[in-house]
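Take a look at the structure set out below.
Note that the chains take the letters A, B, C, D and E in the order they are written out, and that residue 1 is the start of every chain.
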Amino acid sequence: MPILDHLWIIPLLPLLGSAINGLLGGKWPNKIVNGVALGATGLSFAFAIEAVREFLALPADKMPFAPQHYFDWIVAGSFRAGFDLQIDQLTVVMLLVVTGVGFLIHIYSTGYMAHESGYHRFFSYLNLFMFFMLILVMAANYVLLFVGWEGVGLCSYLLIGFYFLKKSAADAGKKAFIVNRIGDFGFMLGMFLLFRTFGTLDFTAVFAKAAPMQSDALGQFGTFTVACLLLFMGATGKSAQLPLYVWLPDAMEGPTPVSALIHAATMVTAGVYVVARSHVLFTHAPTAMLVVAVVGCATAIFAATIGLVQTDIKKVLAYSTVSQLGYMFLACGVGAFSAGIFHLMTHAFFKALLFLAAGSVIHAMGGEQDMRHMGGLSKKIKWTYITMLTATLAIAGAPLFAGFFSKDAILLAAFQSENGGPNTGHILYAIGLPTALLTSFYMFRLIFLTFFGKPRYDEHHVHVHESPWSMLGPLVILAVLSIFGGWLALPAFWGGPDYFANFLGPVFGSAESAATEAAVHSLELPLAGVAVFTALVGFGVALWLYIRQPGKPEALAKSMRGVYNTLLNKYYVDELYAALIIKPLMWISTSVLWKGVDVAGIDGTVNGIASGAKSIGDTVRHVQSGNTRSYAVWVVIGALVVIAVIFFWPAAPVVGMVR
Amino acid sequence: MPSGPLLSILIFLPAIGALALLFLRSDDHEWIRRLAFAVSLAEFILSLWWLLRGVPLGSAGYQLEEIHRWIALGPHGSAAQTYINYHLGADGISLFLVILTTFLTVVSILCSWSSIQKRVKEFFIAILLLEVGVVGVFLSLDLFLFFLFWEVMLIPMYLLIGIWGHDRRIYAAIKFILYTMAGSILMLVGIIWLYNATGTFDLPSIQQALQTGALVLPRGTETLLFLAFFVAFAIKVPLFPFHTWLPDAHVEAPTAGSVMLAGVLLKMGTYGMIRFCLPLFPIASKKFASPIAVLAIIGIIYGALVALVQPNLKKLVAYSSVSHLGFVVLGIFAFHPISMQGAVFQMLAHGISTGGLFLLVGMLYDRRHTFEMSQFGGLATPMPRLAAFFLFVALSSLGLPMLNGFVGEFLILLGTYQVRWSWAAWAATGVILSACYLLWAYQKVFFGEITVEKNRTLPDASARERAILVTMAVITLWMGIGSVFITSRTASASQTVIDQMTRPPRAEEAKTPSTVAPQARQQPNSGSANAAPKTNSLERLGTR
Amino acid sequence: MAAFPNSADILRVLPELIWCGFGALLMLLQPFVRSRKVLTFVAVTGALLGIMGNFYAVHNPGSAFSGLVAADPFSIFFSHLVGLVAVLVILAAAPYLDRERLADAEFYALVLFATAGMGVLASAQELLTAFIGLELSSISSYILAGYRRDTLKSGESSMKYFLLGSFATAFFLYGIALVYGVTGTTNLLRMNASDPTITLLPSPMFKLGLALILIGLGFKVAAAPFQIWTPDVYEGAPTPVTALFSAGPKAAAFALLLRIFADVHAATQFWFWAFWIMAVLTMFAGNLGALLQTNVKRLLAYSSIAHAGYILVAFAAVTRLSADQEIGASPAYAAVLFYLLTYAIVKVGAFTIVSQFGGAGEKHLQLDDFAGLAERQPVVAAVLSLFLLSLLGLPVTAGFLGKFYIFKAAVDSHLIWLAVLMAINSVIGAYYYIRLIVVMYMREPSAEIAATAPARFPLSVNAVLVITAFGTIFLGLLPSKTLNYLLQTTLLNR
Amino acid sequence: MVPTSYYLILSAVLFGLGIVAFVFKRNVITIFMSIELMLNAVNLAFVAFSQARHQSDGQVFVLFVIVVAAAEAAVGLGIIILMARNRQSLNVERVDLLKL
Amino acid sequence: MTPQLAIFFVLATLAVLGALSLIFQRHPIHSALSLIVVMIALAGLYLLMGAEFVAAVQIIVYGGAIMVLFVFVIMLLNAGEEERTSFSKLAGIAGIPLAVALLGFLAAAIARSNESAQAGLQSGTLANTKEISTMLFKDFVYPFELTSFLILVAILGAIVLAQREKS
């Protein structure tokens, strides 16, 4: 049976795995749990490959492949959301990345988590995440995509808070979910607006209707612009862009494989995916595009600067992730969607690798994460060292490594962009380039601090040991990928055709790939050169600071304490949010709304009325003095009243029944 | 197709059960519980069977109608002779509300199995009588009858809170009953006024007369009548300024009481709005739509914010239902078919999820006899299962897709957005806040190290508790995924409500292919609609 | 007409005669018959026979004694009502008298005389006869109020009732005099005939006369501002007597008022605003006064004031409607009659329980004495709650329908504000009825109260409770027949 | 010839004085007397009217009133004796056990 | 100024003065006596109007029986001077003015109404006793019979209330 007609199998398998492990895994030994979890993901990986094969084998007349409708999920009035899955080139990329990297990380986890309690819980969550992520990438309408969107958020909440005994972990999980919710708020509104405009939320229908429409002018906030900005708001939440990036660094509280899978390779890229998926809309909204580009660019450099001074090995990687995501958005913002997706893929490889390697380091150091207490590990854990170095080279943009090509393509596209003025591109480039420098700097700083120099840990207590092969295997595979993964898009000056852009052509339209083609010859080479140069500079600085004279960094930190602290404390953004939003909200809720309005205001009024009635009642009672003479007087008064009324009031106006 | 006075049986079966309970020895707790359970279960099964069979898919108007002359008004044999009818009927909306009621009754009987030890007999009698009242409210089509059940329901609830409640139960009970009465007595005046204007208490015929223009209420009258009805319902819901009775009532009520209160009683308010305010007083409804929507939005945000800072777990859940019901009211008063559908669905979803939350809170209470979150913390370690269920229900309550909470909220917001985007935008902040307070509470209760020694040895969910919770969870999931099963049945009913808001002057507009058209066309031959296969009926209801 | 009263005349007033006769009979028996049972039996038989005495009138209604009294369905209804009340009160009183060591023959006799008086009052078509009936019932009431003569409270209540009662009677009488002076007749039917212009441009004296009559009757029905005596008298009187007071005389006085409305068109017009105001004042006086009461008997007294207020609302409606063709007013009349019926049943039931529960010397009348009653005597608590809920006006009880019809009457005559005020009052009222229920069901009894032996409920009392409870439910669920009958009544009442 | 109105006004005055007395006096017996005074005023009115209209029924009413007055007197004085016996005072103001 | 009118005024003044002294006398006995004065004056007025039967009954029953009963009771209880307590603020402050206001109102209303003026009567044609008796025993036989029961009740009341405890 062709898988294409049964796409639901691919997401369903992990779900089953999750359910089985979650409900029954509690009493099972790790082996069985592994079997279930790996089996589920492995199988779905296999099915995914098969599906891709069939998809690529489809005759041209079957393209684009129609979404598969399984059942109606929500139907109300004119609204209808089906449980529809689709597969196209973009999906193919995401599908392979998710299942593939996911599978590797599952394998890795069997080693990494071996000694943790709640083993089955972990894998159940992990599989659940796979399910939702697959739904996200395969969904054929926004609502179903939103299912995956929220689902992965949930899983990240669960997995970040996996060590729920640690308050910091629980807090981080909560933070992640809530910040994501803020993004989702925008995303939902975006969907509503789209529905109002197009009367449906199915991708094909929406895009078909949107394509011929008149696109908004720059600076005009038409439907497209607003809708795109709202969707992008969701993206910033999910993909940790300014101003909603704050949750991602904290998310490092989760187990390292989680950071690798969710907070580097897959989930955080969902935002990019959505933007790319909705490229039809975005291309109709130049303003939104510009915003995306600017935000991405700003995030990139912003996060990079913070990354410079972090000492926690995972924190560094986290900020670099934020920064790299910024790159991807920059790409989308300047219309180079394929470049963005390409970077997404390569980034998935090398960042996952970096995290896993870091995990392996931490594993080796027995849980130590602070780079200041590492050093000189290169001998002791050779495999880890090599693989991590590869990844670093990749991300730093060393030629021939994956990151080089993708980043190169992005910078190129940015440079060319003229959306919002002739110089936009140059400005973006001018920001993007230093980011590259910073990237290579902090990455090599990480390498040097970790693997070179003298050991800065107590060797008697910490017995550094290489990780088991269950962990090293994935490292190696990923290393290979992060070397050759980039060759899918050999730049033109290298002579090869840009497979990747062409492959995604059907999705994004060949227009922009053509544009790049045109620009390529004149620009690509010099720009590539510049990029390499900057990477080298970064490397050099790192080398000088952390190998040549190790005392220097502290000196620098002292000399520029203000800057240093600002960076170390991440520009005090968290504190800012706390002071500006959370505290006032809590205060208002407690003392104004609850104690004020509820208790004092409303209840006060009601009780006031009640007590008023009682006091009147009391006076009424006291009329009842028990003294007959007073009673007589009351009767007299009554008599006077009655007589007066009868004499001086008009007689009754007489009305008939109303029938 | 079953036949006979089904609805009457549905209404009065629990009463018979209560009567039977009277004859049991009051110290024979075990059999009292069993009998009560049996009765409620039978009721549940019957309601499922009869109503789902009796209200065919896509059928418009009322099914399974029963109508008998009951009380004669006006001089005998004279022209002014009219009758208060005993008139019952079910449509897509009441259908599921009844099922929800019967189901939650079973649940609340189960969850009181061991937690109620004093005056057991009276307790279960009260629960069953409560069921009578609520089911009656949902099924009666005569204003008088409706009011009758509406009031009858008060007393058992009042006793539930007042006798089996916690420390400040009496205050809460009195507050509850006085608030509700204050509203309903005005509604009584309204009902009578309406009778005076129309000459009958029979809802469908009044409805007919108004819609066909055979009878036109003066604007002023309509406004006052609308307010008389609306305030009663708003207090019940409760809508923002009238909500303060709810937290007290919830905190003091026993678990079963809270479950019924949150699960069903609050819905009576929104049901009333759908059934009476909109169809009978459309002009006034439209006139007041904006202020009401604003109140609803205030309620959403307000309830959420106050929930956010509650140290008391049960109070938190109570305020959360203020917030959730705000969504429902908003959905109703957006007058959009989608949001209307959403509102109806949200009523059911909220019944299940908040009911579940109260169940869980009650289970915690049974173990620790406190609602203060400071007393909990780290409970996930001793009771992982309970923690898991709690998370599940919390997620459904904060509207996670694929769980029941999402569908309702989403549809409400979607529909509202089509009418007035700013409303939807404001309301949607509630979605963020709900995540905040629920996760916040969840963390405080279940995460972290155990702080109080007592908590270290708490038992996890017992078999019975697990049985209840699993059922709840399954339903939650099913409603989240298979929502179409419900929406396809509520569709025509809620569409009818929208249609009924049209008045002769605007009749011809209604003919034009607006949202109204399909049902309008379909109403005459609803009989054939029953036969129509599901898919195309869905097409008819859904895409157009 | 025949020179001497013919048989028809006698037969049409048979009930009153029977009651009076049995009253006298009891006094004759008293020296010879020692056993309470026999006396009680005789008394009950008398009351019942009196009710049956209506059989002739039922079949051929009409007026008797050259129009002094009318034996029309209207008065027949009332003689049934007061007869019923008499039966219930006698049954309820038997054990009470036993407990309090009070002479019973006289008691029963007085009750029967009072009943006869009420019958006369309700059926009188001529003011002086009405006055005699009023006095007959009042004087008996004064005595009954002071029946526990060795206790201060009883004597005091009797004295207050007597002084103020006769004070008010004087007003009533003066009113009659003035009306007589203007119209030259005291016969209600002839009043309109006597001078058609009266209805059009009435003389101040006529107005004054009507006003004074209203004062006198307003006092009897405890309408504010003449309600002032009610709580004291009700509290002081022996509880069964209180039951009688709250049900009987009130009903009879209302009956006379209704009759005056129906026959004297001028009254219907002048009295409207007076009733409007009295209704509002009465409702608030009763409900607000009751809020803080801790003595159950007194609380119920205040509540009966409030209920008088509700009935007055219906009266305002009657005044408003009756100018319309009778068909318009009849529902309002029916509302009054129905309410009086339900109210009488419920109040008698409630007071009966209180009288039993009060214990020797009526010591246990405080709210706290009822604490935890639901656990000690669940049935009693349930029945009392039933009555309270009916007074509160909750559905399925007679009280609800009573209130419902009054609301309806008010709305029909466009007295929306009056209706709203009544609604507000019902809520205020709800508070204290609920409070009593709270005490019975939710409060833990104090030690010595828990220790007290449960009040015993002898057969006769149980009979009363069964009848009243059944009536409460029955009228609450299936009022159609009764209501139709009442509508006939008021229709025939031209 | 004495106009009826004179009689009527006199009766009104007496009736009013009766009211005044009722409100003013403290001694139960005298208060009761003031009631009798009021009744007398009424009688006067009755007779006056019956004369004015040449109808004798007014006078019949007077007889009834007198009888009633007698009956009231018997009962009233009985009550007064009872009161005097129970508490050694005839001052109504001292009789206020029942209040509030 | 016809003699009737003169007599009327004399008697009227007498009656009013009696009433006033009933009010202002402190001792019950004196009040009782002044009430008797009023009654006799009224009896005179009845005669003046030509209603001698009523006048007679007035003297016999009222003056004779009822008032004697009063005096008897006063003696029995040997009631002394009435103590002018004023516990009742209301009565103390507003009592008299209100009562007087009511008095004024009644008098004024009656004075202003035309019926009273009409039918200026000639005292000659008196309703003779025969007429009264026939009316009493024919038209009003029913109330008349009822009054008998009223008396019965009164006796009963006297017994119930005033009889000593049979201990």
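Here, a contact is a pair of C-beta atoms (placed from the backbone, for glycine too) under 8 Å apart; a residue touches a chain by one contact, two chains touch by 3 or more.
Because the structure is predicted, anything quoted here is derived from the model rather than measured.
J.: What chains, if any, are shared contacts of chain A and chain E?
T.: Both chain A and chain E are touched by C, D, going by the contact rule given at the top.
J.: Please identify which chain has its centre, taken as the mean of its CA atoms, farthest from the centre of chain A.
T.: Comparing chain centres, E lies farthest from chain A.
J.: Of all the chains, which has the CA centre nearest the overall CA centre?
T.: B
J.: With chain centres taken as the means of their Cα atoms, state the distance from chain B to chain C in Å.
T.: 44
J.: If you average the Cα atoms of chain C and of chain D to get two centres, how far apart are those centres in Å?
T.: Spacing between the chain centres: roughly 26 Å.
J.: Using the average of all C-alpha atoms in each chain as its centre, how far is it in Å between chain C and chain E?
T.: Roughly 31 Å, centre to centre.
J.: On a C-alpha centroid basis, what's the spacing between chain B and chain D, in Å?
T.: Measuring from centre to centre gives 66 Å for this pair.
J.: Do you know which chain A residues sit against two or more other chains?
T.: In chain A, 621, 624-629, 632-634, 636-637, 639, 643, 647, 657-658 touch at least two other chains.
J.: Could you pull out the residues of chain D that touch at least 2 other chains?
T.: 8, 15, 18-19, 22-23, 26, 31-32, 48, 52-53, 55, 57, 64, 68, 71-72, 75, 78-80, 82, 92-93, 95-99
J.: Which positions in chain E touch two or more other chains at once?
T.: Only 87-88, 91, 95, 98-99, 102, 106, 109-110, 116, 139-140, 143, 147, 150, 153-154, 157, 160-161 qualify.
J.: What pairs of chains are touching here?
T.: A-B, A-C, A-D, A-E, B-C, C-D, C-E, D-E
J.: List the residues on chain E that touch chain A in their complex, please.
T.: 87-91, 94-95, 98-99, 101-102, 105, 109
J.: Note which residues of chain C are touching chain A in the complex, please.
T.: 159-160, 163-164, 167-168, 171, 204, 207-208, 210-212, 214-215, 218-219, 224-226, 228-229, 231-232, 268-274, 277-278, 284-285, 287-293, 319-321, 323-325, 327-328, 412-414, 428, 431
J.: Quick one: which bits of chain D touch chain E in the complex? Just the residue numbers, please.
T.: Interface residues on chain D, with respect to chain E: 1-10, 12-27, 29-30, 32-34, 36-37, 40, 43-44, 47-48, 50-57, 59-60, 62-64, 66-75, 77-82, 84, 90-91, 93-94, 96.
J.: Enumerate the contact residues on chain E facing chain D in the complex.
T.: 2, 4-5, 8, 12, 15-16, 19-20, 22-23, 28, 31-32, 35, 38-39, 42, 45-46, 48-51, 53-54, 57-58, 61-62, 65-66, 69-70, 73-74, 76-77, 79, 82-88, 91, 95-96, 98-100, 102-104, 106-107, 110-111, 116-123, 125-128, 131-132, 135-136, 139-140, 143-144, 147, 150-151, 153-155, 157-158, 160-162
J.: Can you check the complex and tell me which residues of chain A touch chain E?
T.: 625, 627, 629-630, 632-634, 636-637, 639-640, 643, 647
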